[in-house]
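Look at the two complexes coming up: chain A is in both, with chain B in one and chain C in the other.
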Partner chain A sequence: MSETVTATQPKARLARTFAPQSGFAPWNDPKKAPIVRFENVTKRFGDFVAVKNVTLNIYEREFFALLGPSGCGKSTLLRMLAGFEKPTEGRILVGGNDITDLPPYERTDVNMMFQSYALFPHMTVEKNIGFGLRQEGMAKADIEARVAEAMALVELQKFAHRKPHQLSGGQQQRVALARAIAKKPRIMLLDEPLGALDKRLRQSAQFELMRIQETTGTTFIIVTHDQEEAMTVASRIGVMNHGELTQISTPGEIYEAPESRYVAEFIGDVNLFEGKVASLSQGMAEIDWVGGGRFKSAAVPAGLSVGQQVWLGLRPEKIIISLHKPAVETNVISGKVDDVGYLGSTSHYHTKVATGQRVTALRANMAQSAEANIKWEDDVWLSWPADAGVILTK
Partner chain B sequence: MNTRFSWFNITSIVLGFAFLYVPILLLIIYSFNESKLVTVWGGWSTKWYAGLLDNQALIDAAWVTLRVGLVSATIATILGTLAAIVLARMGRFRGRTLFSGLVFAPLVMPEVITGLSLLLLFVALNFDRGFWTVIIAHATFSMCFAAVVVQSRLLDFDKSVEEAAMDLGATPVKTFFQVTLPIIAPAVISAWLLSFTLSLDDLVIASFTTGPGATTLPIKIYSQVRLGVTPEINAVSTIMIALVAIGVLLASIASKRQAIRQEKETRAVDAGAG
Partner chain C sequence: MRRWYVIAPPYLWLLIFFLVPFVIVFKISLSDIATAIPPYIPTLNLSAGWEGIKDFFSQLDFENYAFIFSDPLYIGAYWSSLKIAAIATFLTLLVGYPIAYGMARAPKEWQPTLMMLVILPFWTSFLIRVYAWIGILKKEGLLNLFLMNTGLVSEPLNIMNTTTAVYIGIVYSYLPFMILPLYTSLEKIKPSLIEAAEDLGSPPWKAFWQVTFPLSVPGIVAGCLLVFIPAVGEFVIPDLLGGSETLMIGKTLWSEFFNNRDWPVASAVAVILLIVLVVPIMMFQKMQEKQREAGL
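Up next is the complex of A and B:
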């Protein structure tokens, strides 16, 4: 599945992506062996299919995010890697070895940080962090050194002798992280690690996670339902829906070149225009919009045919809103402002168009804006360049 | 406390407590009665307490009761904890409903039936009735109470704590002894105390399953009462009440002290960190 997902057309369009590219892309290197491989993994609970035939490669030093709404199977996938659930079908490989049948306590390459933190309430911070090392039968002096190292990494030294109930939520979260990291696993699993923190703390914790991932060089796999979090931390994102991986791409590709309406709508805001393909020529597609009018799009997915039902997906910031009709032939429609959302740095304009649907356009609030003061009930024009949108077929 | 008591509240509290404690109070007062006749007040005296020390049969019975209680409570707690773990942790296995039914049925089973069926079993097995048969019987019926207490603790216990221990490399046995047991320890201790108390005051099952040389205190008291209530019995009962009251008091003081210590710890660390 991953091969088909990464090798399709969207690559070509990445030139216009402004998302930062680090040059770290082991998934594009066919010689690189994955550190984790899910091979046709299916998990059923009775009649319910939690994970449906997932094949996924994750590479060393990656920060991989599994993203999806609750109940989409992302946590089940993670728990199968940790060993708490057994796949109904398929196998899981770590470093090329089949670990499908190993119990959790024999999976030494993998450690997990739990959503509830799962700290041992009867042990101090120090004892919590050293628990995993004591299980290995490590010498006492070595344990102390490793615990001190882990506590320094998350800045918890002051709290070494406290019990979990004497810590704040943010501190507990760091203990949970340190406890898993102290084992120096090759792969760290994080199940909604920041879900219980408030928004401000969550943002600083995200950068904290990225810093730790970089300094330790560990492969991180995070499960989250927060798309912003996934976009911030991850090198690649796997979007899940009803137990299936619908797209695996970098954050930039996911945002700029979603492969389905589901992915486009789940990540960020998107306006969808339904229509039929009218013509195809020279890397350009013409679409007859159901609301009347013909759009041109330069983003033509492979295998598109004339007459096919498609949706043109447009991000709000790519739509230009103006009071006067712009001097362009195509990709311009009229509408009436329905609602204005002022967010400080930007404003959202919700506009009713011919089909009755609401189209959202986003504009930065600059003092020198030529077209200031678009108000409620104003008749406006919405336009966009031919390369601004994506054609979605499903 | 600025809630004002209405007359209705005061009356109902007084009546309620009177209903519960006046009989016990009377028993305690009459244990200090000089007169040999239970119903006639003859002045204050502690002679019945002194007399107890000479009553070897009563002391023997108390000793048997204590030993039966200790051993049966321990057996019941171990078995009850195991049953609770199976019920709370094993998920849905074949026969789970039957198993939980079998564990909890003795809770509602009339004691007479439990006692009688155990007696029939011991007779059928040709078991000599005595100290050990009482222990087995008590462990059997108090086990289900222990299971209920431990299970309720296990049910509100975050299962991922155990998963975390296993994820960090602890085998299931190590996880149980290093993580699960320390966390559920308070519930296990109260299960033990409950089993011990149930064993102490059981009369019906003990009288079915006991044999020569294993007369427990409740049996002894009951058999003496049939011949007429003596102030001596009142004295024994008063001592039992005092012991239980002291035990409850000590337990609550200990838990209160721990709470205060914990709070102090937190404050001290906060001050140090701040």
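Up next is the complex of A and C:
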């Protein structure tokens, strides 16, 4: 019984991890041309380097998220695509055409939804949404039709004649979205579009954005510092740090196979075990942990060498916590429960291990029995299968 | 009761320093000129009791108003004051708008300094600053000296004692009153609004007319009224810089009081001026109220 469990579990995880949710993966198709391409783009403000040599391809119909802490350069990257900032070095291509030197008002393929919405306070909802169309010199009847269409898309018909200050935050957000989408751009840029909304509204707005992105077939590029938001909406995420793109992957890959400690720590919780590579064989690496003990890991990054300093990254939900020593020989360490965070459906167990570091294990609260109860100060065992962790070299 | 204490001081202030003087001026405007001290009749004689009061009121009439409206000199002076004030206000707006716009767009750390520079002239007496313009505008003044030396003109320009000089004086003196409200409304316009306009396909000059300008209208109205209202009754500037052809009601008022010593007519001129100005003042207040309601 137990054998079948261990045999099927890793397979299921691998399938979930690496297969894109819908088979949509133009970035894996070498014949596909990107709709947006940043080519060695660097942006400096005086001595400050906001964006450092970024090369990035974004494909048609993608929902791409630029994720990172504030000041990491993600907004600057977006503003360069919109035309508000000029790259110091490198170039930007849209549909194969170099648009680096085009002013924002000539970038017809790109429209932006602003963080503060930037709605024109002296215009009604209708006039706001029609603003971009009026600039094109479109016929009045066509403008009306397009505005009506955009308002219907975001369900704003009732508010057509209101001014922005008469709307709630959520309504304003939808006006801002409708105003940009009314131009029918090929690429929509969204700068922290949901940052001003409260948490519950934000969640429904995320699904709203995904719905609109799917129905219009527009390429969306969103800037956010909220990792959950990026995970929810994006087809791919570009994680940025200090002006550099540290990893570009699908949400699943970012979570399950981060390429650096920075990415692992920025997205979700992670336990890091520092150590040295002891041996490498048949797709299996052995790591000597600084806290004593030898770990086995099945996820071996290319170019790993014996003796190299590495970190084993383990997500809390992949660590099995038990009061009795499990009947396995590797990947088991002892610890003492330091803190328990009871969250209803799950519990977080913070345990102190040999190195003095805190390791967090997550357990679903399935049983109600007292036996399953792990308390403060309990001596516990932490274990994990060989394929649960990732080896991080930087 | 407690609230009364709070609102009493301003009301008392207005009563003593505005309403009472106004009632006195209004009363004088209904009187007749007399060679006496004070130079008008009637004066209230309370010792005569009720009869005295009745007698006093029976002597008041609107003769002076009728006189003013029948004399084209006064009507002309009012009309030309309004015209000069309106043109000067427009010129002040033309000069002030770019300055206010530049200030609002300047780096944040510069803005207090720029604001200081705008307010700085107030540290010198208004009168002295207007006198200084005589030195600049007169025939052998600094302006003509500069223009002659650079060869831009062959003969000195005759600006001093013309309406042009009055315009220059008003634009110069009232510029800060135009710049400050304009700056306040322009500074409130978020740069992201302009970016949004440009993003939606509007080139910068169009974005200015479609977004910046309409959003600065409250500042334009406030600035224009702050310049227009005092400019209509301006006396010092037309007196010092203007010539005989510059007819302004402030000057008329002054000569009625001090040359003709006709206090009743002078008072009537002042009361009419006040009534003429009440309209824009009320407009100004109404607009401010509306702005407050809109939360702008």
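Keep in mind that, in the parts below, the second predicted complex is superposed on the first by the 371 of 394 C-alpha atoms of A that agree within 3 Å, B and C clash if a C-alpha of one lies under 4 Å from a C-alpha of the other, contacts with A are read in each partner's own complex, and residues count from 1 in each chain.
Throughout what follows, contacts are C-beta pairs under 8 Å (C-beta built on N, C-alpha and C of every residue); 3 or more make two chains touch, one makes a residue touch a chain.
Quantities reported herein were computed from a predicted structural model and do not represent experimental measurements.
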*Combined model on chain A: chain C and chain B, fit or clash*: clash
*Which of the two partners, first being chain B and second being chain C, lies in contact with A:Arg162: first, second, both, or neither?*
first
_Which superposed partner A:Val337 touches (first chain B, second chain C, both, neither)_ = neither
*For A:Val154, select first, second, both or neither according to whether it touches chain B, chain C, the two together, or no partner.*
neither
*For chain A, what residues appear in both contact lists, the one with chain B and the one with chain C?*
82-84, 103-105, 107-108, 110-112, 114-116, 118-122, 131-132, 135-136, 163, 165, 179-180, 183
*Considering the complex alone, what residue numbers of chain A touch chain B?*
82-84, 103-105, 107-108, 110-112, 114-116, 118-122, 131-132, 135-136, 158-159, 161-163, 165-166, 179-180, 183
*Where on chain A does chain C make contact in their complex?*
82-84, 103-105, 107-108, 110-112, 114-116, 118-122, 131-132, 135-136, 163, 165, 179-180, 183
*Inside the complex, what are the residues of chain C that reach chain A?*
190, 192-193, 195-204, 206, 210-211, 214-215, 294-296
*Sites on chain B touched by chain A in the complex*: 158, 160-161, 163-172, 174, 178-179, 182-183, 262, 265-266, 269, 272-273
